[in-house]
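Lettered A, B, C and D in written order, each chain numbered from 1.
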Amino acid sequence: MGKIKVGILGATGMVGQRFVQLLADHPWFEITALAASERSVGITYGEACHWVVSDVRCPEPACPEPFVPLRAGRSRRVEGIPALVKEIVVEECRPDLTCRLVFSALPAEVAGPIEEEFAAAGYAVSSNARNHRLDPDVPLLVPEVNPNHLALIGIQRRRRGWKGFIVTNPNCSTAQLVLALKPIWDRFGITALSVVTMQALSGAGYPGVPSLDILDNVIPYIAGEEGKLEREPLKLLGQLEGAAVREAEVIISAQCHRVATREGHLEAVSVKLAREPGREELVEALQGFRGPLQDLGLPSAPEHPIVVRGEIDRPQPRLDRDEGGGMSVVVGRVRECPVLDYKFVLLGHNTIRGAAGAAILNAELLKAQGYLEEPG
Amino acid sequence: MGKIKVGILGATGMVGQRFVQLLADHPWFEITALAASERSVGITYGEACHWVVSDVRCPEPACPEPFVPLRAGRSRRVEGIPALVKEIVVEECRPDLTCRLVFSALPAEVAGPIEEEFAAAGYAVSSNARNHRLDPDVPLLVPEVNPNHLALIGIQRRRRGWKGFIVTNPNCSTAQLVLALKPIWDRFGITALSVVTMQALSGAGYPGVPSLDILDNVIPYIAGEEGKLEREPLKLLGQLEGAAVREAEVIISAQCHRVATREGHLEAVSVKLAREPGREELVEALQGFRGPLQDLGLPSAPEHPIVVRGEIDRPQPRLDRDEGGGMSVVVGRVRECPVLDYKFVLLGHNTIRGAAGAAILNAELLKAQGYLEEPG
Amino acid sequence: MGKIKVGILGATGMVGQRFVQLLADHPWFEITALAASERSVGITYGEACHWVVSDVRCPEPACPEPFVPLRAGRSRRVEGIPALVKEIVVEECRPDLTCRLVFSALPAEVAGPIEEEFAAAGYAVSSNARNHRLDPDVPLLVPEVNPNHLALIGIQRRRRGWKGFIVTNPNCSTAQLVLALKPIWDRFGITALSVVTMQALSGAGYPGVPSLDILDNVIPYIAGEEGKLEREPLKLLGQLEGAAVREAEVIISAQCHRVATREGHLEAVSVKLAREPGREELVEALQGFRGPLQDLGLPSAPEHPIVVRGEIDRPQPRLDRDEGGGMSVVVGRVRECPVLDYKFVLLGHNTIRGAAGAAILNAELLKAQGYLEEPG
Amino acid sequence: MGKIKVGILGATGMVGQRFVQLLADHPWFEITALAASERSVGITYGEACHWVVSDVRCPEPACPEPFVPLRAGRSRRVEGIPALVKEIVVEECRPDLTCRLVFSALPAEVAGPIEEEFAAAGYAVSSNARNHRLDPDVPLLVPEVNPNHLALIGIQRRRRGWKGFIVTNPNCSTAQLVLALKPIWDRFGITALSVVTMQALSGAGYPGVPSLDILDNVIPYIAGEEGKLEREPLKLLGQLEGAAVREAEVIISAQCHRVATREGHLEAVSVKLAREPGREELVEALQGFRGPLQDLGLPSAPEHPIVVRGEIDRPQPRLDRDEGGGMSVVVGRVRECPVLDYKFVLLGHNTIRGAAGAAILNAELLKAQGYLEEPG
């Protein structure tokens, strides 16, 4: 039986490129359609794309391109673009792509209605955009955290009369935070949480943060980020009750900062627990966490969703962001907090676990649960 | 009447150099003695010193050195060293220096007993070292915060039988935090406080942090820092009662990080207040703060000890660290905190307000209060 | 007698801001008009401008802005904008500005015809744009190098029938190179020259280089730069013969790189000389250079246009770029070159000596030579 | 038949760690001995080593360490250390190690006599230290460039009466330069060469360059580097004549700079050729180069020793340093030079092709040529 055909909306941007990269040799999915804005439509992906995600560990080293004469103007970078997709002609973001599922890396300015059109037309949509995350009938999903929220899909289809559907993954800093919170939430309950982030440059996309703004500097503000961090975890940790999710009752305060790192959001977290464990018990809960996915064999699910380090100065972005292929969250410095109950530091790869990898893992769960059978 | 003669202990290190720089044209003090470790004793300060603090705004541009032939080996940097001190011969850290007061920039490994010897011998000691900060009879001082703690000096002298005395300034990240807390503490009371720091490279001294450790990275640990931040503010905000300071009852939790900035510690703070003001009232308290020093005319006291910025993405280290000549603390993003009561971001210049400038301001207060009259 | 009224074209960009900053308290000039693109016209400069050049040493510390409530969206930075110009309403780039001279910080895409309109209308134009630099009747000017080229102005006016005129300053990396070459050229002659540059981020303007492109990286290409460096020095060092400049006969090879520094272009230079001096003689020529401007009292002319350092590891961008208020070039490591004759490293402040400061010094020379008398 | 037993001298330093990393699953060699300075002797490699080279692409992701309680003090980093060597007890650098060949990553201060002792005692020594590089009877070797220089080994043994022998690899910036020069040298001859380097931080070892020295800066000096670059290529490109190498007659001028990159030395090169080809012919010579090793099947020899890129802004350190597993040199911007004949930019991985990888490739050539048979 063949692989499932997938398309990527917004394929030429930074997150779109991560999708291409992570799907290049995926065992379940094959890229059959790439869509982007008007500027790129009608030319090949290799021509349309300025490749900026080459830092990730590829399975094989890039082949040297055949030499081409010096051109005037700025070069596009093309090496690293998987050969399989380089010749695909970029299409418009309209629901006539040849595929079963689309991954959406669209910017929030346009994602909303386009994703709805695709879902109405029968496509499964796995979206990284924020637009539908808080819609009551749209799953906001981290497979290790709330896989049962997929039940919202049936409600969504009925209510909206769609043949397809939309699922979403959370904001990057939320994704890694909620994953680390999950075993704590399950075993001890969380009543309040304070988080201060130090976020990587790639989170702002490309070209993103001007170098003159960040060299020898920290910027204590990221537009919209604190609101997402204070709200999205409530839905993710919420209880599915009938046709809706009852949000978790956790008070969250977030303060977000941009720092001069390429990849890997670092978060200093402090939690107040409903039932206070000893420190060893807390560490054991984090370390022992495997999540509900073991038996599903999802290709992108890391063996250890949470890795706990014991060294006093870890995790660090450059050293730990690639843990579990960028899909693990690394936790360190677990210790008592005089103000709340416990504090710790956590790190995740923001464009893998926090974006493209998250949406792919969601799609893998959809497949494993039978949501990607061909629509009647 | 002449200036007061001062010496610097540990004069060749990074903080020692800041002392030299800030004292170079001080209206009240003149440098008459420089002391350092054995390696530098007997040669001139110009020969002993590898000058690394030249980023600070000097009153006049550096004069070009006369050209010297290329030398093998690594160059010492000498420009920026004030001409007045370049020819001073470095002495040992023994209490026979020709001066009335010594500033101590000694490392904690050796500062303790050396500072005691100087105090015993009749010198006033204004120390940046941590060793005596928590001694019950030693003032831990920020002039705008707790000037009345100077009364401990009399107790210290009697108890120890010293002709001189020691006063100390707090750790860098504490100094700027407590200054911003002062008007809040006075008007609303603080019961709990959470602080997450993003600290500059200069805080680790020179050579300090290896470039390979911090390029594209954040280090979530600074040895000893969290303990200082959780403890020193209690004494600084404490009440002088009889012969001792009763520590303030504030619960503090600190998480400290090293980031790739040269100067300026950024702190994300959240506070729980005894009496909760409206936001405008809180901002007004911060903004209107002048401290108790206005009438004393201390040369290093900034006109605005606290500067409140209204822009949504300030303060930033590179843009705001030099506010008030590096002696002001800049506060921004004052807003409600869902977990505690209010949160905000603050920034201070860690080697000026957090180190050398702090000790100099302390010395200025000593002078204004009559503590530097010649000892009988 | 009052100051000369000046305007700035392209006033809100990075170089435009440097003009504002350097002219804020200029003894001869006062800013009376600011012009920019459509987007900014009709609002005040304080409203139109996102200030990014605050790293320069201002004569007085920025006054804290009155506190304004948090706004959504990205903040404009306004502190640092001199109070005198903040309320000036930005005008269109049309020749009806109230001033005698305009400084042009316009981008090359639009500078050409706009500057011509101003010159035709009687304005003196001191331009930093590349468009007219190589016009045979337009002076390409560095006052210490070729002040006599101002004689082209008369030819320019006659030929074009203009009441005003245009003078230009060279490209940033050319400006500092040619200044250092001048005494060598005069005393020993130069037949060939190889230069490899390591250029600062500010040279690309704002937002300019994306941080993701330059963190942990060097980019070995700057569009158009090598061509300028290989051509402009020939005109600058050329001989005025009758109505034209005969270009110098020097063979130049340039290789340009972008590195992660804020300000200060570093250049590794190697020269072949017509007459080969001893090393001491060469150093003496560089060090002793004063240029032809001493008696003119130009306010922006540094006392030492060339500063020679003897340490083995200088000049360095962060340590040396502010020499002479950013108007001096710093030369170091002068030594024999086995391939050509001598090699050395030089550094200049690219947005001061290489852009705004250059155009201002040109205007000062115009004034001193009587070119700014009111047009009949 | 088993693998050849190898030891590493100076195993705990930065280059020593690269040796460990690159040899961890080598098909021909197995690490059986690790030696270092006194401080580390008698404890396991895992205990002795602060691992700093984890940025290299490992074949498998690091296993999470078992959690250990928070320790006071700075953590050693241990993950990334291959399991096979972690428990090896570090020995002294004396010639009683259990192995046939030793790789020397010793610092130049001690390498000279220690390497001689090992060679005298019968060990093959493949050294990265500079001490013996220019000894007339010691091969200075890049396998793709001068494999026939191995014939010096016989002369060396006879002259010195050693059972073993020493071979050396060049300085990092020389290694990559000479590899790129080889096909040009062979086909067109080179009479003069100018090279300006922009070298990575790792070239200075660990802790190496202080972050305060390099943030927002370039340092135009690296001790000893220019001398090596101007001399070592002459021996590498020299002709073996009887018992000695006649050095190549090329005039070289080098200027070396330290920039803020982790790995990858960039070099701007200009060459004067004996016979001047057209540009396409030159590119073809570079691109078509395979070297003399194809039939030997050396495991570390890259398929393309030289990769030529056609984009106008390549090579770049972050994007190109891992080409060929760090063993290829990447050349770009090949174009005519007005002063000499051609200029181009080249990039190599300084701690792989420029250090540990170089010495390992040398050892592989020794093995392939029969030099590692057990000594009689």
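We take it that a residue touches a chain if its C-beta (ideal position, glycine included) is under 8 Å from a C-beta of that chain, and two chains touch if they have at least 3 such contacts.
Given the structure is predicted, the values throughout are model-derived calculations rather than measurements.
Across the two interfaces under comparison, A-C and A-B, the one joined by more C-beta contacts turns out to be A-B. Because chain A and chain D carry the same sequence, their contact can be compared by residue number, and over half of the numbers here are used by both. Per-chain Cα centroids separate chain A from chain D by 40 Å.
If you average the Cα atoms of chain A and of chain C, the two centres end up 46 Å apart.
Our note on geometry: chain A versus chain B, Cα centroid distance of 43 Å, whole angstroms. With touch defined as above, residues shared between interfaces to two or more other chains in chain A number as follows: 73-75, 215-216, 221, 260-262, 312-314, 318-319, 333. By the touch criterion stated above, chain A contacts chain B in their complex at residues 192-194, 196, 198, 215-221, 230, 251-253, 255, 257, 259-262, 266, 268, 270, 272, 312-319, 332-333, 337-340, 343, 345. Put simply, chain A touches chain D in their complex at residues 54-55, 57, 61-62, 64-77, 215-216, 283, 287, 304, 307-314, 318-319, 322-325, 333, 335. For chain A in complex with chain C, the residues that touch the partner chain are 52, 73-75, 201-202, 206-216, 221, 223, 260-262.
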